[in-house]
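As structure tokens, here come the structures.
Two complexes come next, and they have one chain in common, chain A, joined by chain B in the first and chain C in the second.
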Partner chain A sequence: MQDTLRTRMGWLHAWVGFAAGLLLFCVFASGCLAVFDTELTRWLQPEASPQTEAFSPQSLDHVLPAVHDLLVQGEKPFITLPSRRDPYLRLEHHDGHEFLTVPYNPKTGERLTVRATAGGTFFYDLHYTMRSGVYGETLVAFVGLALLLTIGSGIIIHLKGLVSDLMLLRPFAARLRAWLDVHVVAAVVFLPFILLMAYSGTFIRARTLFPPVSYLASIENAFRTSVPSTPRRPEKSAVSIPPSFPPLAPLVAEAERTIGAGQTGYILFQPQNILISRTDASGPLLTREHVDFSAEDGHVLRHVLLPGAITHTEQVLKGLHYARWTGVGMRWLYFISGAMGAVMFASGSIIFLMKRRRQSGERLMFRIAEGLAIGSIVGLPLGTLAFFWANRLLPVALHDRPLAEGHVFLAVWVLSAVSGMVWSLLGRPFQGWKIQLFCLAGLGLFLTPLDVATRPGVTFFHVPTVFAATDLVAFFLALVSFQMARRL
Partner chain B sequence: MTIILCTFLWSLFLLLQACHEPKMLRFARIQKPAWLQRAAGGRFVLPLVALVLCFAERASTAIPVWVATFSIAALLVALGWAGLARYRELLITAADVRTVGLGKE
Partner chain C sequence: MTFEISSAARSRRSGAIVSSPARRWIWRAVFVFALVWMAAHFITLGALKWGPPVRHDATVLGQMIAVAAFPLLFLLAFGTRNPLRGGIIAGVVGVVALLAVLLHS
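So, the complex of A and B:
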């Protein structure tokens, strides 16, 4: 074969794409769910009804005792003010993985009795760390670089037919042709979005790619057994927490005079300060501009708005990547584009396997690769649906419920990966694909009945809500899985 | 509303674009309509109108909305065109079968 740039790029595209693609599928799939993290949290706490009363700033003071308790426990609590996305007042804190949230009535400040859940931010953490902390974050940042490489090589491969093949989709052609068309349509048509996400995502995590401490030093530190020379300090901060906080309504009014009316989004509590921050919905520039107040008497300490071209660049890229400024329409565009990004990786991996199935003679390495593909492409959606099922079926009084939901997700994902690997090693990969796709179709199909059966105050005829949208997306996923399993 | 309107304008543009692509026409087994020849350049106005609409709604978010609606419209046209091609294929196959049947009689 003539060794042209195109064939060389084809090799690079295939191998780097497959190696990174299995993880990137998970990154894109979880990312498109994370776009609706607030809405998913509402689905996961069905006790809070879709509509509630209008916000009254006086209600904020009723949340303060709970804030105080969290501060005493060494947490960093914050209140999210009601918005168009979520009508409830929410007290949140980060547990190391997710933002755990408790809703309050926005008019009276009364705490709502809802189930504890990891919530929609479970997928946000999964998206950028794979729930593995800083190591996962570094890994995801590196596969982001691999994605940029794959996109570049992919453009060179498809340059000739970039315009003419833009909308050429032949689902009823031969299988390889059909998958190739799906891959090209998903990749080329959604190229602007995929490129933006790859670039902005890698930019945001640039600190993990170019850390202030060298990688070598980090690795040495990780393996070094440290003997503490001094006794360990208690984790709790030594800074004293005031016994009571000043009323919050005048503070919010004061902050709005600086930031703008209706532009406040969060109230963050620190032992000595109360930070009232600009809402992320105010625009594509994610400034997090905030006005700081004393926690003792509520007097204004400072107004913080970071200036500079580099800061603004970062704020724009973060704003475009996180999409917190968007309305519901744009959010759906992000969701569909993210889902098509996941389709691109899934179809690319399937093409990689199809092309090599015969020539590899189904060697061990090929079987392992196919097992991994099953575990990633079907395993992650399976785990996700299992997470939703667990949320509704686990006892409400269960201790450490958010952790249990996460464990169900991981257990189903691992089970799927192991079963896929076993079927693949036994030389019957299609059986593995089919069984798991049918399971996925079943879980998706019955999510609506589960939702209806386990949601208090359910009505069939109501305005479109997060519940209907989530159920419909699961139903659509079930139909796609069923069709794929049938055509395998 | 702007998103729906932009998606419609992009879909119209891409549909007209598909009608100008010989590969797409061959795939759907259709002939290029004669009236399309006269409106060949006019189709490029549609994306510009969509862009103006996006800017009119909110300048700071115009480009992301414009680009995202292009992607959605292209996906819709690709799916619709695939459906049309399948329909035409079945129609032509059925007509062929009928012709063969009549010939035998």
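So, the complex of A and C:
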């Protein structure tokens, strides 16, 4: 191999891309589902009908006893106000993994009887932590940097043919050529989106990679023997929670006078304060501007809005990444672009394996790599569909139901990875790909019948809803998987 | 790729010991990674000194620059024909960033 700029960049693109690409596939796939987290929560709680009554601010007071209970348990509850995207009043809190949500009637404040679920925010947590807390967050941020490197090296490799490759797709050419076309078309057409997501996503989690403290100080602290120099202070007394909260409707009206009519989105409860925050849907700047009230008597404490050009730049980057301000059309564009990003990683990994199969196909490391690829590229969608199936099939009265849904997801994913690895180590990787792709096609194909059979109040002639969209996407995934399995 | 396979096969047939550039590139990538990572770290730390007076803004600015600079600097340092030149580029940026941390009053 000659030592030229193109070969160096090709080597970097292939190895960094493959090593990070398997995880980045999961990040992009879960990210494009997280764009529709609110809508998916509605699919996962089918008892709440698509239409409901108009919001009445007086209904908020009926949620307060449940808020109080959560505060006593040490949680940080918040109410999400109804919006065009979700017509229900929702009481939410973070359970350490995802935001658990309970819907309330927006007019009466009556709690709706729906199944407990991890909801669409399951994919949000998966997207940026891989459900592994701060370690997962660091790893995802790190592969974000690797993605920036891979994009840069990819641009250098394809610089000459960047424009001509835009229109070049030969699905019936030789397999390697066809996969290469898919990879280049997905990467080049959606390059601006992928670049924006890679940079903004890595920047949002940059504190895990580049903290504003010296690594030397961190290492010193890690090795320093901790000897308490002073006697331990007595435990700080717990902050008292008022027995009752002031009525919320006047507080919302007061907050709207400051941040604009119809601009309130969340009411966050702390033991001593009630924070009414601007909705994320108000614009591309994710300002999280809020008006704070006393939890005792409801008087205004402060209005918090961070000023400055740098803060605004940060807010724009977050707003563009989270896309909570967008309409349905833009949300679908994000979904398709994210899915194409996932296709780019999957096709890149397949090309990596195809190019090396003849030379290294018998090597143990190659077989492990292919097993991992099966576990990632097919395993994650399998786990995702299993999550949807579990949501409808697990008993509604099951204790810790949200956790059980997550366990089903992880169990199927691990099973897929182990099975892929075993087939690969046995020297029959195609069998592994085929079986799992057929399973994926089956789960996707039968999701619509499952939805129709287990959703209360099914009607075929109603406005387009999240149910139809989710079922159609699963059906499309099934068709693609079936075709891929057939052509292998 | 065709060239790669035939070259490897030729060298195997002739029994000649050919040092693969890929092996050199691994060490080069590790070396460049270490230098560029330290440069990005010093940029984040330095932003607190030379950046805006508000700590939050300074941290955000430093991280914005670090995340953008990391891939650019890495590709620049890894892309040069002469490995020493690449190392010098990344090293100089790192030293300048370190000096900005140490010397800025």
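Criterion: the second predicted complex is superposed on the first by the 459 of 488 C-alpha atoms of A that agree within 3 Å, B and C clash if a C-alpha of one lies under 4 Å from a C-alpha of the other, contacts with A are read in each partner's own complex, and residues count from 1 in each chain.
In this text, a residue touches a chain if its C-beta (ideal position, glycine included) is under 8 Å from a C-beta of that chain, and two chains touch if they have at least 3 such contacts.
Predicted model, so just to flag it, every value in this text is computed and none were measured.
Superposition of the two complexes onto chain A shows chain B and chain C fitting side by side, with no clash. Contacts of A:Phe190 after superposition: chain B is touched, whereas chain C is not reached. Judged by the touch definition given at the top, the superposed model places A:His303 against neither chain B nor chain C.
With the two structures brought together on chain A, the opening angle seen from the C-alpha centre of chain A toward chain B and chain C is 80°, to the nearest 10.
Look at A:Gly283: by the touch rule set out above, it reaches chain B but stays clear of chain C. When the two complexes are overlaid on their common chain A, residue A:Ile156 makes contact with chain C while staying clear of chain B. In the superposition on chain A, contact of A:Gly329 is made with chain B only, not with chain C.
Of the two partner chains placed by superposition, only chain B is touched by A:Ser337; chain C is not.
In the superposition on chain A, the chain among chain B and chain C reaching more residues of chain A is C. Contact with neither chain B nor chain C is seen for A:Arg363 once the two complexes are overlaid on the shared chain. Using the contact criterion defined above for the overlaid structures, shared-chain residue A:Trp11 touches chain C, although it does not reach chain B. Closest approach of chain B to chain C, taken over C-alpha atoms in the A-based superposition, is 20 Å. No residue of chain A lies in contact with both chain B in one complex and chain C in the other. Chain contact summary for the complex, chain A toward chain C: residues 1-3, 5, 7-9, 11-12, 145, 148-149, 151-153, 156, 199, 202-203, 206-207, 210-215, 306, 308, 310-311, 313-314, 355, 358-359.
Those residues of chain A whose C-beta lies close enough to touch chain B in the complex are 163-172, 185, 189-190, 192-193, 283-284, 320, 325-326, 329-330, 333-334, 336-337, 340. Contact residues of chain C toward chain A in the complex are 1, 3-5, 7-8, 20-22, 25, 29, 40-41, 43-45, 47-48, 52, 54-64, 66-68, 70-72, 74-75, 78-79, 81. The residues of chain B lying in touch with chain A in their complex are 2-4, 14, 18, 21, 23-24, 27, 60-61, 64-65, 67-72, 74-75, 77-79, 81-82, 85-86, 89.
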